[in-house]
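Common to both upcoming complexes is chain A, partnered first by chain B, then by chain C.
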Partner chain A sequence: MYSKQYKLAVTVPPLMWVSLFLLCAYLILFAHSFWSVRDGQIARKFTLANYKQIVSSPLYLEVLFRSIKMAGAVTGLALLLAYPVVYYLSFRARHKNLLYQLIIVPLWVSYLVRAYAWKTILGSDGVLNTSLQFLHITHAPVSALLYSPFAVVLTLTHIYTPFAFLPIFASLEHVPRNLIEASQDLGATPWQTFRRVILPLSLPGVIAGATFAFVLSLGDFLAPLLVGGPSGIMISNIVVSLFGAAYDWPLGAAISLLMLVMVVSLLFATERLEKRYSYQ
Partner chain B sequence: MMGRSKGGLLAGYSALVFAFLYLPIAVLILYSFNGPGVGGFPPRDLTLHWYRVLFEDDAIWNSVLNSVIVALVAVVLALLIGTPAALALDRASFPGKALFRRLVLLPLILPGIITGLSLLMLCVFSGMELSLVTIALGHGTALIAVATTEVFAGLQKFDRRQEEASLDLGANHWQTFWRITLPNLRLSIVGAALLIFTLSMDEIAVSFFLVGRENTLPLEIWSRLRRGMTPEINAVSTIIFLFSLFTIIVWYRIRTRGQAQEIVQASIIQGETHEPEPPGLHQVRDRRQRGRRMPR
Partner chain C sequence: MNPLLSVRDVRKRFGAREVLRGVSLDVAEGEFLTVLGESGSGKTTLLRLIAGFEETDAGEILMAGTPIDGLPPYQRPVNTVFQQYALFPHMNVTENVAYGLRVTKVDKVEVLERAKQALALVKMTEFADSSPTKLSGGQQQRVALARALVNRPKLLLLDEPLSALDANLRREMQSELKSLQREVGISFIFVTHDQDEAMALSDRIALLRDGALEQVASPSEIYNRPASAYCAAFIGKTNLLEAQIARGEAVAGGLRWKSQLPEGPAVFSIRPENIHAATAVSQNGSVRFRARVEQQMFQGATRILWLECQDGTKLEARIHSGVEIPINSEFEFDASDAVLIREKD
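After this line comes the complex of A and B, so read on.
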């Protein structure tokens, strides 16, 4: 029913804009990763030097693996925090909608503000340390709290738990209640019902939530800068420094491209998994 | 059903998780009233001093103004591109459609640093000077995804027969779009605009790379954080928090009212009652993953 002109009118402008500003931008990132810096100038000549440098330098790989570990820890913690709460909300709680909104609210609190809040809590003169001393639990500030991978993981968990929460909630809300009743009628214990019916049906949501938590925390660079200290830096911090003072855009682009490839392949993989586990 | 004690355990655990989510925010707000500065327990000399300092701080208010301008431009841009993009994804088939859909959604799913860097290199490559304009272009482009997913979701609920009727009755496509399509998408568009505005006001990863001389509010806060912590930052954070809260409530109101209307209309037209979607569930899809549910 839509005429050719109509289709052209709605297709061409967005297509052009997106090609110009997004596709070109990502392609330029791709191109930069094969260029190099000579005498403080970016030399636009094909080279694999950046990738060789990444693979041969222990620094980059080490930080990359540490970032993956930290993002993995954030993901695990976020699921551990979110799943029982979602379960409680979906199956038990009386004020489901109110509690649901309460989970959403922190998502709207500025990202920076949440990271900063942790800095004020964990610092040596921070709220946690001074409270511990006030209560005579410790007598000197515990300095290991701030500027450590632990602080980064804690902060990122706080920031990204709601992201894990949302898709799990959606999937648990869609678990057909009659399947649960059937399982109970057929004599399954509550644990068996959970293990065999509810958990498998909620897997797509768990996978989606885990993906968000992982991808977003892997690419984070502000929280590590705020609360991480030298031992808590992540791969994105290296990229930022390469784009800043170190002025090696091509190397930074190569690391970014590596991250992009990792993230996109992860998204493809989890999309597959989600489809496999969805029962419809 | 599980035993009572287990249910209690679950409730207790949930309460702890809520405490974990809210305590930092509570601490932040509390210490905006703390006279001596951030830190130290218990809080003492409660004062509005830091709010007074904040209200006299021109640099902060200048950055707020910048952020509002950037966010408004981003809203207009994202809607101008995102709405036709949703119509195209819904109604047209063209080569590269699958790639186009993924590309539009990519900035929402990718860590902001990758999109920020790519846009920075694009700007430098094409010789654009970094300024508020580049930030607004960056936000607008990155947030097209929000407009597209919102409007696309609106289109799924919308009855195309109304458009058919309009076309049959002699209206042209342009008239049909203005009189039928757009009014029906009103709710999605307002929702998208509010979301884009709030996301842009808070955005820092993309702005971080595209900033010129003028700071946006998050960048201004960021540069001050690097220098040291003062309760003034807590005060401005508290105001941002209250503002976000206000936006959610407005948005929520619009959504539930619109939904109620839709349900009434649907039951009048179809003569059946229709179980409403649990309020708030649409938001599940709103932030990031709604796009991933689009049909292939």
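After this line comes the complex of A and C, so read on.
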């Protein structure tokens, strides 16, 4: 067996890492959320004012709900895009590996580049508007394309679809092929086989993929910053500004913690759901 | 009248490998036919072609005279019991069994009723609400059978269904399978590599070798009148004797016996159980020889002797355990038990 020294040597660094960058950071955040700002200084006295403010202010709740709605839209779109592609890839495609790589490739491109790309596509002088005018479909640039919730959802969908793709692909690849044959053998049409066998058996992957897409887009702040405009602002942008220009760390910490609790409970819930639908 | 299933000169290749090289086979109504062969002989491919999971390269498959080659698996009137059972893990036992009826939109009350009947048929009623993942191999096997029978197919295909079970359970399931087949009166095509299983269950055995049929016959015929040396050796144990026929006599080393066969070389098969210790008086037609017992193996009621004749010919004999045999003794077999094999190899 391993010596005590060896065990210490391998366990201490990661533990240090986790406690320093996660636990300590969260504790500081937790503490701040119960403090307040007085005369431009952080007053270290316990108060629930930040949480009261979040619940009573229509601004924060509205942005929070909008963020949830946008993340939900991204999740739905990502699943709608990913599932058929994965299905094709897993059951029909001849050059599986090549196509798989093509779908993964965007993950290697910088987030910023991909977000900027949409700015160039959707902007007033962008590719889309110029083409629309060139084809005489519109006579003036459509300004609603950029700086809107639509632009944010589009960008986030583009960025996070591969994250939904991967777990769905893994789960479809693991659907035993003889179950599909058994279904056909018993008289089920291809659609019935999909509905009654393939889809239910791929649910764990769908749930995992949806969770990725939802959690990642809910906490995103770069896409709304770059293509969102005032109407496309999400909750993370508010947190960023509270920690920055507004210099209200306590309120920012409270909102962050609230999001953290939401996301962690969601992760727990979806993990249980995944277990419920796995049969391996 | 047309046979229930007719496979006509079917060919199939996977890449460079020709898996089936012109297989023709008829299956009658209510027949239990076993496709027997070593792994790689093409037996599973033949089954998959009939079920519709693969397409034939050439040839025809007909059911009651109607071609079914072009139909997708879900439109073919056959059902399959898969090697690994392939039960749906996200459905309970009843839902698994009812699946075939649900997708064909039979009335709901009838679906449940027929699923219940099918479960009763395989004695699995008490597990109706269990998850298949919680069942033992033998129980899963029964559910798979019920699921395949519930659609009342004309023909049931079974792909080595017993190979995953241990020896005792296997024997038990063999006899159950046989009585089940009699009870429902459905034709079975049963694929196996186990010759004992094939002998025990089948009305007829189709012996497949490298993608071609070697012999199709009843178990007793294939055992007593093997069509080739391969058949003789694959089905049970046998002694193959290379003989020369001349002047009304067959000569194989030091052994000789009367034969009316045309002159020339020939191969004969003599089953070990047809070689006995010589009796005091020589019977008409018996072939006697002296041999040394090289080795013996006790097998319960009988024992196997490895004999070496004076000219070096080696033979295997199966003798009753009670019979005392000295190391050097006289043996005999009846000339009619030396079966001529149409030499193919």
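A few points about this structure:
Heads up, the rule we're going with is that the second predicted complex is superposed on the first by the 280 of 280 C-alpha atoms of A that agree within 3 Å, B and C clash if a C-alpha of one lies under 4 Å from a C-alpha of the other, contacts with A are read in each partner's own complex, and residues count from 1 in each chain.
By definition in this document, a contact is a pair of C-beta atoms (placed from the backbone, for glycine too) under 8 Å apart; a residue touches a chain by one contact, two chains touch by 3 or more.
Just so we're clear, the structure is a prediction, and the values are computed from it rather than from any experiment.
Of the two partners chain B and chain C, more residues of chain A are touched by B.
By the touch criterion stated above, A:81 is placed in contact with chain B alone, chain C being left untouched. In the superposition on chain A, A:110 makes contact with chain B only, while chain C stays out of contact range. By the touch criterion defined above, A:248 lies against neither chain B nor chain C after alignment on the C-alpha atoms of chain A.
Of the residues of chain A, those at positions 184, 190 touch chain B in one of the two structures and chain C in the other. Chain contact summary for the complex, chain A toward chain B: residues 1-3, 5-7, 9-11, 13-15, 17-18, 21-26, 28-29, 32, 81-82, 84-85, 87-89, 92-93, 96-97, 99-114, 116-121, 123, 125-127, 130-131, 133-134, 158, 161-163, 166-167, 169-170, 173, 184, 190, 208, 212, 215-216, 218-222, 226, 236, 239-240, 243, 249, 252-253, 256, 259-260, 263, 267, 271.
By the touch rule above, chain C contacts chain A in their complex via residues 51-53, 72-75, 78-80, 82, 84, 86-90, 99-100, 103-104, 133, 147-148, 151.
Residues of chain B touching chain A in their complex: 1-2, 6-7, 10-11, 13-14, 17-18, 20-22, 24-25, 27-28, 31, 38-42, 81-82, 84-85, 87-88, 91-92, 94, 100, 103-104, 106-107, 109-115, 117-122, 125, 137, 141, 144, 160, 163-164, 167, 173, 198, 202, 204-205, 208-209, 218, 221-222, 225, 229, 233-234, 237, 240-241, 244-245, 247-248, 252, 278-281, 283-285, 287-289, 292.
By the touch criterion stated above, chain A contacts chain C in their complex at residues 176, 178-179, 181-190, 192, 196-197, 200-201, 277, 279.
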